[in-house]
Structures are given as structure tokens and as C-alpha cells.
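Okay, handing you the structure first.
Letters A, B, C and D mark the chains in the order given here, with residues in each chain numbered from 1 onward.
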Amino acid sequence: MRNGITHLYIPGPTNIPEAVRQAMNVPMQDMRAADFGELTKPLFEGVRKVFKAEAGRVFLFPSSGSGAWEAAMTNTLSPGDRVLMASYGQFSQLWVQMAASLGLQVECLEVPWGEGVPLEAYEQRLKADRSHAIKAVFVTHNETATGVTSDVAGVRAALDAAGHPALLFVDGVSSIGSIDFRQDDWGVDLAVAGSQKGFMLPAGLSLIGVSDKALEASKGATLRRCYFDFADMAKMNAEGFFPYTPPTQLFHGLKASLALLFEEGLDQVFARHARLAEGVRRGVAAWGLELCAAHPRWYSDTVSAVRVPAGVDAREVIRLGYQRYRTSFGSGLGPLAGKVFRIGHLGDLNEVMCLAALASAEMALLDAGADLEAGSGVAAAQAWYREAAAQQVRLAAE
Amino acid sequence: MRNGITHLYIPGPTNIPEAVRQAMNVPMQDMRAADFGELTKPLFEGVRKVFKAEAGRVFLFPSSGSGAWEAAMTNTLSPGDRVLMASYGQFSQLWVQMAASLGLQVECLEVPWGEGVPLEAYEQRLKADRSHAIKAVFVTHNETATGVTSDVAGVRAALDAAGHPALLFVDGVSSIGSIDFRQDDWGVDLAVAGSQKGFMLPAGLSLIGVSDKALEASKGATLRRCYFDFADMAKMNAEGFFPYTPPTQLFHGLKASLALLFEEGLDQVFARHARLAEGVRRGVAAWGLELCAAHPRWYSDTVSAVRVPAGVDAREVIRLGYQRYRTSFGSGLGPLAGKVFRIGHLGDLNEVMCLAALASAEMALLDAGADLEAGSGVAAAQAWYREAAAQQVRLAAE
Amino acid sequence: MRNGITHLYIPGPTNIPEAVRQAMNVPMQDMRAADFGELTKPLFEGVRKVFKAEAGRVFLFPSSGSGAWEAAMTNTLSPGDRVLMASYGQFSQLWVQMAASLGLQVECLEVPWGEGVPLEAYEQRLKADRSHAIKAVFVTHNETATGVTSDVAGVRAALDAAGHPALLFVDGVSSIGSIDFRQDDWGVDLAVAGSQKGFMLPAGLSLIGVSDKALEASKGATLRRCYFDFADMAKMNAEGFFPYTPPTQLFHGLKASLALLFEEGLDQVFARHARLAEGVRRGVAAWGLELCAAHPRWYSDTVSAVRVPAGVDAREVIRLGYQRYRTSFGSGLGPLAGKVFRIGHLGDLNEVMCLAALASAEMALLDAGADLEAGSGVAAAQAWYREAAAQQVRLAAE
Amino acid sequence: MRNGITHLYIPGPTNIPEAVRQAMNVPMQDMRAADFGELTKPLFEGVRKVFKAEAGRVFLFPSSGSGAWEAAMTNTLSPGDRVLMASYGQFSQLWVQMAASLGLQVECLEVPWGEGVPLEAYEQRLKADRSHAIKAVFVTHNETATGVTSDVAGVRAALDAAGHPALLFVDGVSSIGSIDFRQDDWGVDLAVAGSQKGFMLPAGLSLIGVSDKALEASKGATLRRCYFDFADMAKMNAEGFFPYTPPTQLFHGLKASLALLFEEGLDQVFARHARLAEGVRRGVAAWGLELCAAHPRWYSDTVSAVRVPAGVDAREVIRLGYQRYRTSFGSGLGPLAGKVFRIGHLGDLNEVMCLAALASAEMALLDAGADLEAGSGVAAAQAWYREAAAQQVRLAAE
């Protein structure tokens, strides 16, 4: 028997806004009806705005984000293509594995977990690749496993500096919609997102922004794809349809979540994420603990991976938080298992929800044997949130 | 634009459990269908269990709790009947006003707000009433305005000590389903509850437990009643029907909430409320603030009315909590306006939700000018909740 | 085990539109929050538009429609007041009983069930009442039990012709929102509606339109009222609040249903009801059966009471429709039990839903022993609906 | 502005039962929580029961059914593998295309649309394949485009008669859960289903039953797969987890839909589909129209493809049904465009819903220029449904 809400602070699925939850409460409908496009076409336009992608196309696949990783690669690359990737966390590493498994020739730069994409090494490598053997360069914009946000614009700069024509792939699953992302400005060719993060929906829909250059590349790409084929999608999407039965329930939810994002304003959404994240970070600092992210320039505004003190098992923190305090934190993945627990602070969230996360984490940490002062993280975050709230009031009054 | 959940800590409506919310997501149905009783009859049985009322009847009226106050009086009393009441808060006072307005001759004992029903004065008065002119004695079990729980069994004892045959009326709106209540054991003749408190439903359904003695009294009672007539209800209820269209949506919700209460077990529900309330009280004490309830024996496990420090306006605390931190606290009512704010801690609630309430209240209090240490209330509650959680684990392991 | 939807063709509760159902899927909220009026105040304005009542006030009570009957009388009349009423069906009769039970001196004109309000008799009686002893005149606009719509404007004309100052009470429970109703134009002083009919909501909210004259009358009226007191409501409503916890879930639903009514346009709503009703009536005629309504001028566009053939028990038709074909029809009430079954055709309804009602009724009638041609009623209605649809297309094309 | 329900008679997505709709009304949750398996593990067991697959494994992929087609092939076959397929409708044809596109060597038997899998040709071909070059044989159990159900057991018999070891693939998307399917008994190696048909859920989840033989084959299969990899799934599923974020909302829905299927009983579910389908077919016959299915042995109990009369465009029927009568029928696909419209009669459906479909189709057909008697199809179906209902009553009474 469990009472009250489950406090959900994983980096996705995120908490669903009431308006989105209402919107998904629908009967089924005919996905071939003449007016189906009235529902779907504005979704493509809305997703474009979130990706800041006026050029190219966006695709919506009924799949989790991993499916979109696969779609991005299989539609634009060919067996044996050389790709430049970097591994600095569980998700960037899984993408590397997928690339290899699909038959790509992966050149992977190993980076310490806690750091971001290695800009200089990338630039160096690209400059060295005078024959342009490298067909694509990959960045995990926000490495969910370590709470590290990388500099996508920097990778674009590296490509430009090298005058290199490789496609730029970005995993924006835990960034797009929560952190500033600019597909067009940054020259991103394939940008991947999932419904269950900044889009504040259940899992089940992946979103891909595809540049014109990538669409062009897809014509000659020979990796096999069927379910995730861009061309089939594009043909049907033109009239608002899909090559197979799409998840209309999620479309109704997406319509509502896009409306919420635009009502708030993307800049305000990003500012809110930054503000909420900063409170969590101050709480962590007040505990005397460190983030996995090795430098403030990599701090993620969507997830903080907290290193537990020596002698404490982060898995215990998570277990105790869940069993005793009905709170879900993210676990340490791969080599970070037991060493970090993660606080997701993205999506439909506010200050008091973050304080609840900190309050709960404090109890779980203490129960797991950590030596910290109860209430200290909460107090540090409170100070920040109070200041921020007061400032918002001042700004609104001006 | 407001993000994340609204943190609801008013003493009703309370937070609705997901199972209840799901259950209310229904199409309409025929309230005269042959099988309608399959839905409704078990509700009466379930409500009986919560009231601990095997004898008599229970009624479900489509109204707020105030309607049930009126139903209780108009069905069992006659114009000019003398009734013994006590006023020790906004809601007991409103009941007094309603009684007078209905044409009863109210003998009202004024009690300082913060105290409970005056047992000795009641006993004295009842003993003095040798002619049994007093037809009914009233108790507000849990005075929601002050966070004071009164001793209903004590009133029964006073009646018995005086050998007095008056009917015993109890307002259990903010107690039944959250705090132990025993209609039969305590000889309560009319017990009133509302859907939006311990029953964890939206407002719109009032519940009344009526003893056999009260049913007998209703035959001769001449206060006028139509909508709230027991006899019409009883006749239709026998087959599971109602004299007018009932709120079937709430019936489905009630079915689910009763299932939750029984699954958890009433004793566990009460223990949980006591545990959660104690954490809140420790938090308040850590702030150096006092409750409106004047003595621990009156502490309510469903709502705490917190006295703000001199120089602070409780209305500001509430306003700031709502506007800046998306948190709803209860206001000070009547003479307590500006002097107290109330934290509702009843219904579908858990430890971290209470910590969130305290964390938010701390910010609002500080913003309103109170001098207290941020995080102090949270820390005090954390200590208590951690201890309680650890003890539960120990007990479960035995 | 029952599959598929239950086909609901009772005259309320009616089928709930998806948008309304979505809107009611809400967490609870503070009914004393500063911004609560942002939700509630537009509801009063919207309800006014539906009642076509610019003057006076509208009230929303947490109760079924019967509660509003009581509210209308207790707030504006005094014990012993003489009232002119007519009984021509179960609901008009129940209102008579309530009036008597509340202590009014009821002058009731008995009218054959199947006819409407007796305009001439009313006028005659009012003219004869030179002392203006009659304080109020009552009309059941749409008698739900017989499917008869009465001429409210005619009653106003009778009052005017007699120069009589009595208050005009109208039960519009099954008409307002579905059939044209004009509180101001018709000089209606107290108009009563319920949430579960034309407002397409669950039961639990009653709506009352009150003219300025009725508000003035309420100051001197001495029937007792507490829960249903206009003055308490008016005072709190001014700022969007309520004297007791209101059913916020239904408020959200009402917001959505008002939006739907205005989006469609009230005139279109009425036209749709007329169109759908006509199809049902043609179906009934094709069966060779008669309506309870004795003349076309009384035909109700919200409910048709169908007289079953001799030798057939209408209760069997209803039972078989429900048990075998999962369809809910309305039953014959009072003296009509066994003689009629009722098809509700109001609220969120379309042509094919009406055909389903007819198709199901045909099977139930046949199973109950009626002699009619299967499919005949459906065919008659189809012809009408096809014609109407074609005409709409022509009109839209012009 | 559109009123009332949309009448949905496409062969998927199907109408969602209320219990399933309620169950999907959930907040998000941690898909890595320790107790997540309590939700998911029983799903695998339930799906097994529906597939009648005690051996092997079942997989749940976040995708539409097309994804499962791909998963089935890529996990068990290798580039250049020869497969025996038959094309007798849009969906069997699409599967053929996918197979070719994935690099398989497809031997495709062309069968007239309206017929089922060619048992004799299959057996002949298999017997001729003495070297066992054919690695897999494919059957579309229910061809949704033509309303044809094929004999899967017959294909198994053909394989056995030939002593052929090829894997047996079955597309059961529009059959499993509605029509009898027996994975173990029929020796099916890969059975594919989708959530939006007999499982009465939104699209977004595909279900695959995999025999032990197919699991064994997957170890050596070299077609590339990542997202749809069985091995990754199997490893995580063992503890109830998934290799990427699964659609938990659909899991809750699946839990509810499985409960409904088992409560009704699979045999009763199949019988109901047969009964409802027969009524629709009698209605079509009464119109004087023919089904696409060329022989009763191929009649599908989940979808009927109705051939429109000469001179009538089936696209018009569908357009008019949708625009004028708010009814969704399935369209004619590929070469059947304009020649057939399809009535889906699967999932959560009852008799009166089927009559509504026929009544609406009659109007649309007439509006589109067909010459038929209004009400005739309804009447024919009514007769059948009445007889069936009466028989059920008799059986229940015995």
C-alpha cells in the first residue's frame, strides 16, 4: 500500500502536465480520415520550432529514442562508412555500440565520464581527415548518464574550421525542449529527441530533425531500413499521414505539450530549467557532495548526477528513496553504478518539486550512511529560489 | 504560465489518488438501470465500515458537507427545539448559525478558539437539564479552522453521566476516514462527512451516518425538508436507487476510495495521518512557531493551524506561497484571518509531500518577513520521518 | 461481461462530450485561491447566455436539479403563500408535492398527461385573482416524463393579460441548453436547470436563473433556507467564491461544455435537437406507434415518450433493451409505467446515435412481443437524416 | 463543429474499452524501479495466453505492427535467405516488399485478392524444395485489406507434409485476440500482433510470439538489427525491464485489456466476434452486395471488405459516411481503392454498434448513388442478433 504521489525525479520519463494528460484521454480515431492532417500537420510545424529547424524536415516515429538513433544512421549512412564519435557516458557509448553493430566503422574518442565532447580532438581529427573519409560526426548534446551538456556549436565550429563536409549527428534526447538547441544555426544534420523528456509525454514517440543535406544523403545511403525509412515517412507525411498506424494518443498529447512550450516561451522554458537546476546544484554543494560533471561549463540543466561519499552505495540511496520515501531517482549507469544517483530536473517542474527532491534525497542519503546535515540542501536551494522568485516579481513590476 | 504540480495542502479538497481519478473517468449511465444497485449498494456498506456504524443507516446526498449539516438537523428536530452547541472555530460557529437560522433554540457555549468541545460544561449543562428540554447535543469532531480534535467519546460519556436522552450530532467532515471515528461505540446519532476530505474525492457528495434512534426521531421531526429528506432517500436506497439523479461519477470514485481505505486498513490510515501530522508539527516547532490548538490533546492529525509571528500577516504567507511557490495553504478564517495559515495533511499524502509543504511554507514565511531558519522545519520533520520509516522497516522484518 | 459502449438514450444524464470528459480529468485545487474567480466568474457569464438572462443573477448549487426546485421556492416565497401550478407529468407533479411539503398553498390544475401547461385555465385563474393572492405561477417547460414541451411565453402572456404580479417559475431542467429558452424575454423569474441534461455534464450541479424581481422578493421571503440560500451565495459569488466547497471538477466540465455550446451556436444547438428529434419521431411513426405527447405542438425535441402497443409491457422493452442490447431507455414514470418507454435525444448526440437508438428499440420491441417491421423505424429516420444532411451541404455551399 | 461520438468501424485502431481508457490515465513512473517487473512480468504471461504460446518467448516492442514484421525477420534470417510468401492483399504485399527490401530472396506466390494463403501451392513448393533452401514460410493470418482469414494450421500441415524445417511466420495483427490463434499447436515460429486491434489499445506497442526454434535461429541470423534486437530485449525482460524507455502508459492499458479478455474468456471473445461479424455479413447480403472475400471459408470475423455496386465509388461512400454521418469506415487499399469499403468489427464492440455501422453505411451508400433499400441491412442483422440474443438467454437459463 503506497499513499500519495510518487515523486518522480528521473531524467525521463518526466512528469506530465495536466493539460497533456487531459489531451491524451481520447477515444481512437481513423488515421486515414481526410481531416487527420489537421491534427498532424501542425505537430510537424511545432516540432520544427522547438528544434529551431526551418530547413529540412522533422519526422515522428512510433518508437523510443533509441529507434531514432537507428533511423538517423540507417537513413543517411552506408555500410563501412567511417564515423567520428566520442564516448563520455552510458548513452554516448550505447550510440557508439549501435553504430558499430550497424556496420559502421566507428572512430571513437574515449573521454572521461564527467567531461563533454572533446572539441579540440574532434577538430584535430577532422583537419587530419583530408580525404574526408569521415562521413559523420556525433555529439551527445546532453549525456543523461553524467549530467553533462556538450557544446554542439563548438563541434560545428570544428567542422567548419576543418572545412569538413561530414554530417553532424546530435543526440538531443534529454536536451531538446529543455535546453537551448538550434538545429539550423548549428548546422545539425540529424537531431534526435524522444517524447518522454522535454516534450513531457509518455515514451513511445521519437522525433528527428533532418537537414536538407541529410535528406540528400539519404538518397544514396545503403544501410538497410524499413520501419525507420525516411522516404516512406516523407511521402505519407506530406498529407499528414503515416506509413503505418501512428500513436494518435501521443499526437494529441504532443499538441498540448507544444502549446504549453510556446505559451511559456522557449526562452522562458530554458530559463526555468536553468533556475531549477541551479537550486538543485546549490543543494548538492551544501551537502558537500560533488557532481559527476567535471566543470561548471558542462553542468546540465536537465539532470544532475550526484557523486555519493565514499563508503556510501548510491544504489542504496536510490533503493531507500524509492521504498521509504516514494521517490524515484535515476541510477548510476555502467561504471557509475553505485557511485552516483541522478536527479532529473526537466520537464513540467517547479521550485517546490525540486525542494521535495532534495528533501527526499537527504533522507535517503542519511539512511544510506552519508554524513550530511539534514535540511542543508533544501535550505541552500530555498535561498536561491527565494531570490529568483523575488527577482521575477521585480522584473514583472518593471 | 505555471509549471509543475500545484502543491495542495488545504484541509480539503484533498489530493485525489490516481486510482480514484481513474475511476471517475467514466461515461454516463442510467441511474434507474436494473443493475445500478450493484454499484451503489456496496457503497453504503463501505461507508458504514468507515463510520463504524453497523446499526442505523447511512445516506449519500449530492451536496457539499454543509448540506449534510442541514439534513441532519431538519430530519430529526422540530422548530423551537433546544440544542446544546459549542463554538470553538469557524465551522462549529457556522453550524450554530445554521441551527439558529433553521429555527432551533440554540444554547451555545463559547469556547476560546484553539480549545475543543467543553466536556465539563456540557456535562454540567446536561445534568442541569432535568426536564430534558435539550433535544440534541452537537460536537465538531475536528474543527478545521483551528486544527482542534475534540473528544466525541467524552461527550457521549457526559450524556450518559447525565442520563440524558438528547441526540448526539457530530460534524466529522474533516475527521471521518482520517482520524478514528466510531459511530456505534460512541453512540453518535448523526454523523456528517463530506467527500472531499478523508474520502479523497472531489466535493459534491455528503455522507451521513444516522442511528436507529435518529431514524426514529425523524418520524416526528417537523422541520421542513424536501431535497434532504431521509425518508425519500431511504425508500429509494433500499434498491440502490435515489430520489433524484445522483452523481454517478462520484460513486465510481467512492468505490475506488473505499477500496483504497480498506486495502490500507483503517487503523493504518489513522496511523499514517498521525505520523505525517507529527512531522508537520515538529517542523512548526522547529520554526519556533505555535499551533492554534492550545494543547497537544487537541492536536488534529488532519490539519495544523500555524500561528504566524507578530508582525507577519498570514494572508501574505498564503499569497506568497501560492503566487511564488505554487502552493495552496488554508487561510485563517474569521477572527484568525491574518493570524494563522493552515497546513492540511489529510487524505492521499506521504512524507515527502509533507516536507514539500514545510519547505514551501518556510519560503513563504521568510518572504513575508518571518524570522526563522530556512530548512529548519524540514530538518525536524525529516528526522521524525526517517525514524518512523526505519521503525516500519523493523516492524515489517519481525 | 459486457462489451462495447452502453448506448445511453435516457433523458439525462446525457452523453458527455470528449472535451468535457477531458476537462474534468483534474487534480483538486483551492477553492479559496486568489485566482479561483478566473475559473468561476466566466461560468456565471456563460450560464447567463444560455439562459438568455442579462438581468438578475444566476446561481450554481452543488445539488441535483431537485435541489434547485427547492432553492427557487424557499428563497422567494413564504409559508402559506398561494401558488398556481399544473400537473401534467411526473416531474410537474413532484414539484407540486414539494411545494405543498414546503408549506405553500398549492392550487394545482390537473391536466391529462400528454398535454402541456393549460394556458387558458391559467389566464382565467389569474384574471380571477384580483387580490393577487397568488404569489407564483409554475411551468414545467419540458415535462421529461411525457415528452411534452409547454409554452412558457404563453404563460407570461397570460400573466400580462391578467396584469398579475406573481412570480413566474420555470422548470427548465430538460430544456435549457437544448431547446430555446429566454429568461429575460419571457419574464421568467426563477428558471431551474441541471448539469446532466443540455449542459452535458454529470449530475451534481444545479443552475438557477433569478430575475431582479425574484431577488427583491427573496428579501422578504420567510421560508427557511440555509444550504440553498441565495444571499449567502450572492455574497460569495461576487468574487467568484462559494459559501461552501463547490464541485470544481464540474466547474471545469461546465467551462468546456459552455465552450462547446457557444462554438456550435445556441441556434444551431436547438436546430440540431429539432432535427435529431424529428428523425426519432418519424421512426416511431413508421412503427405505427404513438407518442405520449398528444399534439405536435407539444412534441419535445429532447425526449420522446413512446406508447407501446396493447399487450406489450414497456418495462419489458426497457429490460430487454438493456440486458440484450446494452441500451438504456427511459422508463414510464408513475401512471405511465409499463405504457411508455422514453428515448432521450438531447445533449451530445448525432444522427447515427439516433439510428442506433431506433435499431435497438426495434429489437427490444419485437422481443417484447410488439408487431412491427424490423428496420422500418431506422429507414424512416434515415430518409429524414439523409435529406437534412444533403440540405446542410447545399446550405454550406451557398 | 461535430457532435456526439465518432462511429469508428475501421479495422484498427479499434474502440477502447472504458476500463482500458481508465487504466491509461496514469502519471509517469520509473521504468528502472525495483518493482517495475510487477507491472510488466504478468503482461508477458498474459500475452502468452492470448497467443496460446507456452513455449518460446513473447516480446513487446514500442512500435507499430510493421516494426514487429521487421523484428521477426531481422532476428531470425540472414541476407539472401530464401523465403516463401504469398501476396493476397495490401498487407501481405507490404510484408513481401519489406522482406525484399531487407535483402531476403523472396519467392512470392501471387494470389487473387479475396482468396487466402494458397495451401496447395505452398505444399507443392515446399515438397519441391528438397534442399531446404527456403528458410521461412509466411502467412498473413487475417488479410485486413480484403477481409480474408487464412488457414494457418493448413500451412503448418503443408510444412509437415513436406517434412520441411522452414520457420513459419504469421502476421496476426488483425486476428490475434479476436480470432482463434494457436502459436504452439500450429507450430508458428514468429507471430506478430499490434496493440491497436484485438488488444483494444492505442497503436504504439507491437507484440511478437517467438518459438524456441526461432530463438535458436536468431543466434545465427545475420540481418542487422539494433532497436528490434531480440537478445537485448530478452536479457532485460528477464527482470521485467527493457533496453530503452518503454511505453508504460500502454503497459497499464495492456494489463487492463488482458484482464478484460480473460474475464470474458478467449473462446467467448472469438464467439462474439463471429456473431457480430455474421450480422454484418447478413446486412451486406441484404443490400445485394458482395464481400471481397471470395468464399465463406475465408470470411474474416474482424473485418468485412464490401464491394460497392458498379457505378459507385467506394471512396465517396467513405467520404460521405465520415463527413455527413461522423462514421469512419476503412478504405479500399491499393487496387481495391474505390471498389471496396471496409467495416471493421473487432475489439470492444456489441450488436447495436454493428447496427449503427450498417445504418450509417446504408445512408452513405445511398448518398453515393447505390441502389439499395434503406434499413434492409439493419433489418437482416437485427434478425440475426435477436436470434443470437435469445439463444444466449436460453443457454444461460439451462
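In this text, contacts are C-beta pairs under 8 Å (C-beta built on N, C-alpha and C of every residue); 3 or more make two chains touch, one makes a residue touch a chain.
Composition by chain, UniProt nomenclature: A, B, C, D = Serine-glyoxylate aminotransferase apoenzyme.
Bear in mind that the values here come from a model prediction, so they are computed numbers and not experimental data.
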{"item": "Angle, in degrees to the nearest 5, of the Cα rotation that carries chain B onto chain D", "value": "180"}
{"item": "Farthest chain relative to chain D (centres taken as mean CA coordinates)", "value": "B"}
{"item": "Chain B-chain D separation of Cα centroids, rounded to whole Å", "value": "53"}
{"item": "Cα-centroid distance, chain A relative to chain D, in whole angstrom", "value": "35"}
{"item": "Distance from the mean Cα position of chain D to that of chain C, given in whole angstrom", "value": "45"}
{"item": "Chain B residues counted as touching two or more neighbouring chains", "value": "5, 15, 21, 25, 27"}
{"item": "Footprint of chain A on chain B - complex, ascending", "value": "1-5, 7, 15, 17, 25, 263-265, 268, 272, 324-327, 348-353, 355-356, 359-360, 362-363, 366-367, 373-376, 378-379, 382-383, 385-386, 389-390, 393"}
{"item": "Residue ranges of chain C in contact with chain B within the complex", "value": "5-6, 8, 10, 12-16, 21, 24-25, 27-34, 62-67, 69-70, 98, 101-103, 194, 196, 202-204, 223-224, 226-228, 243-250, 319, 322-323, 328, 330-331"}
{"item": "Chain B contact footprint on chain D (complex, rising order)", "value": "18, 21-23, 25-27"}
